[in-house]
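What follows is a set of structures to go through.
The following pair of complexes shares a single chain, subunit A, combined with subunit B in the former and subunit C in the latter.
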Partner chain A sequence: MSGTLPPRKPSDPLAVPAAPLAPPAGRSRAALGLAAAAARGRFALQCCGGCGAAQYPPRDLCHRCLGPDLVWRDVANGGTVLAMTTTRISADPYFRQHTPWRSGLVQLDCGPSAVAHLHRDVAGGERVRMRLHLDKSGQGVMLALPAVDTPDMDADPMLRQMTCDPRGRRVLVTDGRTAFGRAMAQTMLDAGAAQVFCGIADAWKPGPTPPGEAVDLDLTDTASVRRLAAEFGGRIDIVIDTALHIRPGGLLERGDIVRAREEMELAFFGPLRLAQALGPVLRGRAGDGTHAACAWVNILSIAALAPMPGYTTNAAAQAAALSLSTGLRAELRPLKVVTALVGPLDDAWHQAVPPPKVAPAQLAAAVLRALKGGREEIVVGDIAQDVMNRWIDNPATLARDLASG
Partner chain B sequence: MSRRASYQGVVAVAPVTIPYERYSIRSAHWWIGSAIRELARTAGIGPRDIDGLCVSSFTLGPDTAVGLTQHLGLSPRWLDHIPMGGATGVVALRRAARAVQAGDAEIVACVAGDTNNPDSFRRMVAGFSRFAADATYPYGAAGPNGSFALLTDAYMRAYGATREDFGRICIAQRANALSNPHALMKRPLTMADYLAARMISDPVALFDCVMPCAGADAYLVMREETARAMSLPAVTIQGTIERHNAFPEDPIQLRGGWALDRDDLYAMAGTTPDRIDVVETYDDYPVIVMMQFEDLGFCAKGEGPDFVRAHDLTIAGDFPHNTSGGQLSVGQAGAAGGYLGLVEAIRQLTGAAGGTQVANARTALVAGFGMINYDRGLCSAAAILGAA
Partner chain C sequence: MSSLAAFAADLMTGKIKVIDLTQTLSPEFPTIALPPVFGQCAPFRMEEISRYDDRGPAWYWNNFSCGEHTGTHFDAPIHWVSGKDLPNNTTDTIDAQNFIAPACVIDCSVQSAANPDFILTVDVIKAWEAENGRIPAGNWVFLRTDWSKRSGADYANVKEDGAHTPGPDPEAVQFLVEQRDVIGFGVETIGTDAGQAHAFTPPYPAHFFMHGKGRFGLQCMTNLDRLPPKGALIVSAPLKIQGGSGSPLRVLALVG
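Up next, the complex of A and B:
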């Protein structure tokens, strides 16, 4: 097998495109914890708070002591392949598109045995590194990788079903005007993107030239969004919405709803327009070819979880956008919807905010890592991580915590 | 000596098979009901004389044995529904025998039946168990082929079994099936055919897999004197075992629960493996047959490959095994697959096996294995039956 990524091939106009299928999605509620861990790039299993046993598959009580206190904890990700198979005949339409498909039984270093997808460089009877990945149904699945990196291991077709490497793909960055949008576009080009389109809302205004190809796109204008979808929709594999519009201002001090309406326009209605125009097109190409449409990235403020002092109405718009992003994730499968929650940006609108702040290249690098790793939920910047940690610790106290500064 | 009460005075009679069909437009209710009608006809009684009913089926949903009583107009005073797949035949016998022995029922009909339409097997596999839906089906949706491929691969690595070794089991069963008019597989199988068959889920190839079909199997359990009064040829129950989720700490299944309980089985029956005339194992895949040979004491652990090389498993051979052809050649009619060996053993011991009859069969061992809930079969069972 050649290791390198297949070159992007122009689609054959005579061929019937591969349908955008997804693997079996039904799971128990307990097993959804695998997806939650996979979305964040963690290798976590259910562990018993009583006796400490790690268990798999997920259960509703500890299989060793019947204790009820099960918590998802990061566990050692080493394992040994006990048995393997190559499935050539599958009952499921998605897997029939992708057979032969390799899987195996891996004894995890933390105790249980797990059926796992096998990377093509795993030969059997050997040590492996385990990961949890989101499959095309958005469910968390076990994946066994070689113990040490192998040449071009990212090109494994099975792994590519779980990841969204921009290499060879065509990317739309919605706002090429800001330093964040430009850095995002440049990072995608540097990562081997076949093409990057940068949206420009107001081409008549002087401004820096974005990397890649500038295209007209005003997210506040339905006609503009539809024009873009009609012209470029069939040529976009990854959407990165960088139009993060954050302006300071408390709820009372503004005195009217003009600014709040602008915030909702850009944070909520803009992405909604874009999703309605482009979403169906991308979803329809989610199974097609070597570089199928695969991801939709929404850059949001961590304030979506709870208002930051001085940015109240903005936080409300961000909360709406986060809800929209979560809903889009369910409707856009088999594409991945990546939600990047960022801390204060290092831009002119955050002059009064003390560091640490998120720099353009930092955000772009984090999004690239998420795409290549197949993650759906990332937090960017120390402030955002701090807020997220507080939210995980106790969502009920976060808003009061932030309000008290 | 086993401290368990014997099954003395209780017998199994009237083995019934509703001939299998690859696909059927009938329901499980039809197949099970047809088997009960055939049981009554064989015993010369009316369906309502059956006062105990034990049912197993994968495709009866949303009904259970309860709904079946009204559907079929039966009013049993003892009712059981056993969801143990390939272990149901033996387990039903255990349950029914105790009910009869205790006087809770006089005549218990034990029935397993399933229908099969072109998509029912896929749907059954997709929703087979919670662990299957959570942790095996999303990994290629290979169903039992994939699960047994892993068990076969592990067994081959551990004990050096080859595909030829598994082929010997499949080929002998096909030879047996040619004497069974009910077998769906009608053509001889050669080693060359076996080895050349396409891979389904490596190392499991086409002839290692059973063919899902529709069908039903059944028998009656009653007191010995009742059977005599009805002039029904009967078999005695000399010993039985069952076990669930044996050896949970084994990282992969290389042995089944029989290994835990076989001493109890032979002690209860007062016999030894070398005195068994006919062996009916559960054979959804040949690897599990080899495991049963070992775990039931016909050879030591890991010697399964040598055992099948050294013995002739056909009807006329020195180790008559799965004499009807087994599921591999008769077909797998869902839960009825767990009855196939048992009804065949009753036929063998009552001289009713027709073309598959083993000469002088006096003692038979029937083993069951069921329910790949996640990575291994959880239910194991076995019974030793004797000619009356």
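Up next, the complex of A and C:
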């Protein structure tokens, strides 16, 4: 029987807050494939190209035939619990914060057995659904969940260490000026966010009132970002940077750098300002209370992987933003940094682009799923997914393919 | 005593007062917003280089960036296409003698309070002259609207069909240039032209006619209500930007 998520409790001002700790992060290079799969929400294991065996934990050779040809493949995620235990005392600082902690040995349907973290509703001997999740140190770990959903199962404290459910949390959406920012704010409110701050740049310009609480925020203005951090930094648990600024224009046809500079301001310098102002505060509160600061979401264009024709300088700015986002992930642990790569947006700047295009509610729903699922890398929209598939297959041919129109 | 020494003595004793007509350069101060298909003027931005810290232990300083037409600013004739081929039409080549000149201040604050789209006409100028005498050649003409007392959204006053702020009609600008030989036209609003001046023929007449005849513009000024109708001496030297179309500047008025 699951307990429900406790309501958000104000911190005791006299108590020393829980430090933002993370579980042991050391892994072999081979084992990083677990994190890569977990970041994308996939249940993938190393499989032998020679004999076909799946193996866990990851190694440099096949455990059965010693073949070197190991590839990461999605595998069946069913399993059966063979044994379970509860750790009540741990020598590890992170787990000492979180005991009792349940773990167990699971026989995976795809072959190997694995030591996994157990959801509190999992009992011995029963069927379980296995998932790969990123823990607070950003490593991929095995979770065993009940075979069928149980009431309020997302409230499990162990699962909440791996996920970033906005329920009860306070969210900053950076740009309430666009339909995408407003849909994001509304979706977070609908998902039970305790508070949503919605950034408005140039308050002197008219525009629709965003959902939640409108706050002055201009990512191109360092003073504005600092003011926001000073005022609200202690009250933000999730940051969602929706300030996507995509404008058409080839590199040669524009003939100036004014617009490219604007793109860099919003795609690169803006997030950099925000990270420098808010990042340390959020990271410091990453272990604090029932609703700790937990996630930082960057919405980027899939063009970050390879330039789309007619959007050349924008793609370069997005590539810089993607690199920044990846770097931020390393520095912001134990927070999760979610990178959402989107296809062409359904907005006035993509009128000449044929569908399918990404609608505001679609993007917001995808980000919500990523937060609840604890994912760090998502791709939104059919075109973005196609580009990503081709990029995984061969980045060099993708760039040349896109360049030829 | 030379007249300059007398002037200096009057400054020292406070008989001549210096009034600052400049808005503070800040990131929040509205800049002109053109339709999004056009290039945009950058707002004022400031990045700290050091502040008595590891980046510079004993000193504080910043880098700043902005457009030539951000904040209280000067328009040079080259700013407009009508003045593009005139000699000495850029901030670095304008004769410095032009940077100190008297001003006539036409008070239209009551009309502008009642109507944000108030238009300065030849009739209004002539009515002012009936009271204050003819506008002398070589003077600035400042349109006082008290717009600088507004802030934020009220100041920009942007609606769905664009900005609604006071300004002159084409005939009034031509009158000032051709009949009164003014040195330039200055305002408290974001542009020397009215918010809806795109609808005039020609569009933006204050820019078109003033700059077409090598005259200047001053925008986003404040404290015009502290100036007499005639006789204030205006010091308005733009930054000496090479080939510049204008620049933010400190505008000072000397009043006796």
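Here is the rule we go by: the second predicted complex is superposed on the first by the 403 of 405 C-alpha atoms of A that agree within 3 Å, B and C clash if a C-alpha of one lies under 4 Å from a C-alpha of the other, contacts with A are read in each partner's own complex, and residues count from 1 in each chain.
The rule is simple: a residue touches a chain if its C-beta (ideal position, glycine included) is under 8 Å from a C-beta of that chain, and two chains touch if they have at least 3 such contacts.
Bear in mind that the values here come from a model prediction, so they are computed numbers and not experimental data.
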Once both complexes are superposed via subunit A, do subunit B and subunit C end up clashing or fitting?
fit
Subunit A as apex of subunit B and subunit C, Cα-centre angle in degrees (nearest 10)
140
First (subunit B), second (subunit C), both or neither touched by A:347:
neither
According to the stated criteria, A:203 is in contact with first (subunit B), second (subunit C), both, or neither; which is it?
second
Of subunit B and subunit C, the partner touching more residues of subunit A is B
A:116 in the overlay: touching subunit B, subunit C, both, or neither? Say first, second, both or neither.
first
For A:401, select first, second, both or neither according to whether it touches subunit B, subunit C, the two together, or no partner.
neither
Can A:288 be said to touch subunit B (first), subunit C (second), both, or neither?
neither
Is A:386 contacted by the first partner subunit B, the second partner subunit C, both or neither?
neither
First (subunit B), second (subunit C), both or neither: which does A:213 touch?
neither
For subunit B against subunit C after superposition, the smallest C-alpha distance in Å amounts to 37
Let me check the overlay on chain A: which residues of subunit A are in contact with subunit B and also with subunit C?
none
Touching subunit A in the complex, subunit C uses residues 27-28, 30, 33, 39-40, 43, 45-48, 152-153, 155-156, 158-160
List the residues on subunit A that touch subunit C in their complex, please.
202-206, 218, 220-224, 256, 258-259, 262
Interface residues, subunit B side, partner subunit A - complex:
121-122, 125-127, 130-131, 133-143, 145-146, 149-151, 153-154, 157, 198-204, 251-252, 374-375
Please give the residue numbers of subunit A that touch subunit B in the complex, ascending.
23-28, 30-31, 56-58, 82-92, 94-95, 99, 101, 103-105, 107, 113-117, 124-125, 135, 137, 139, 141-142
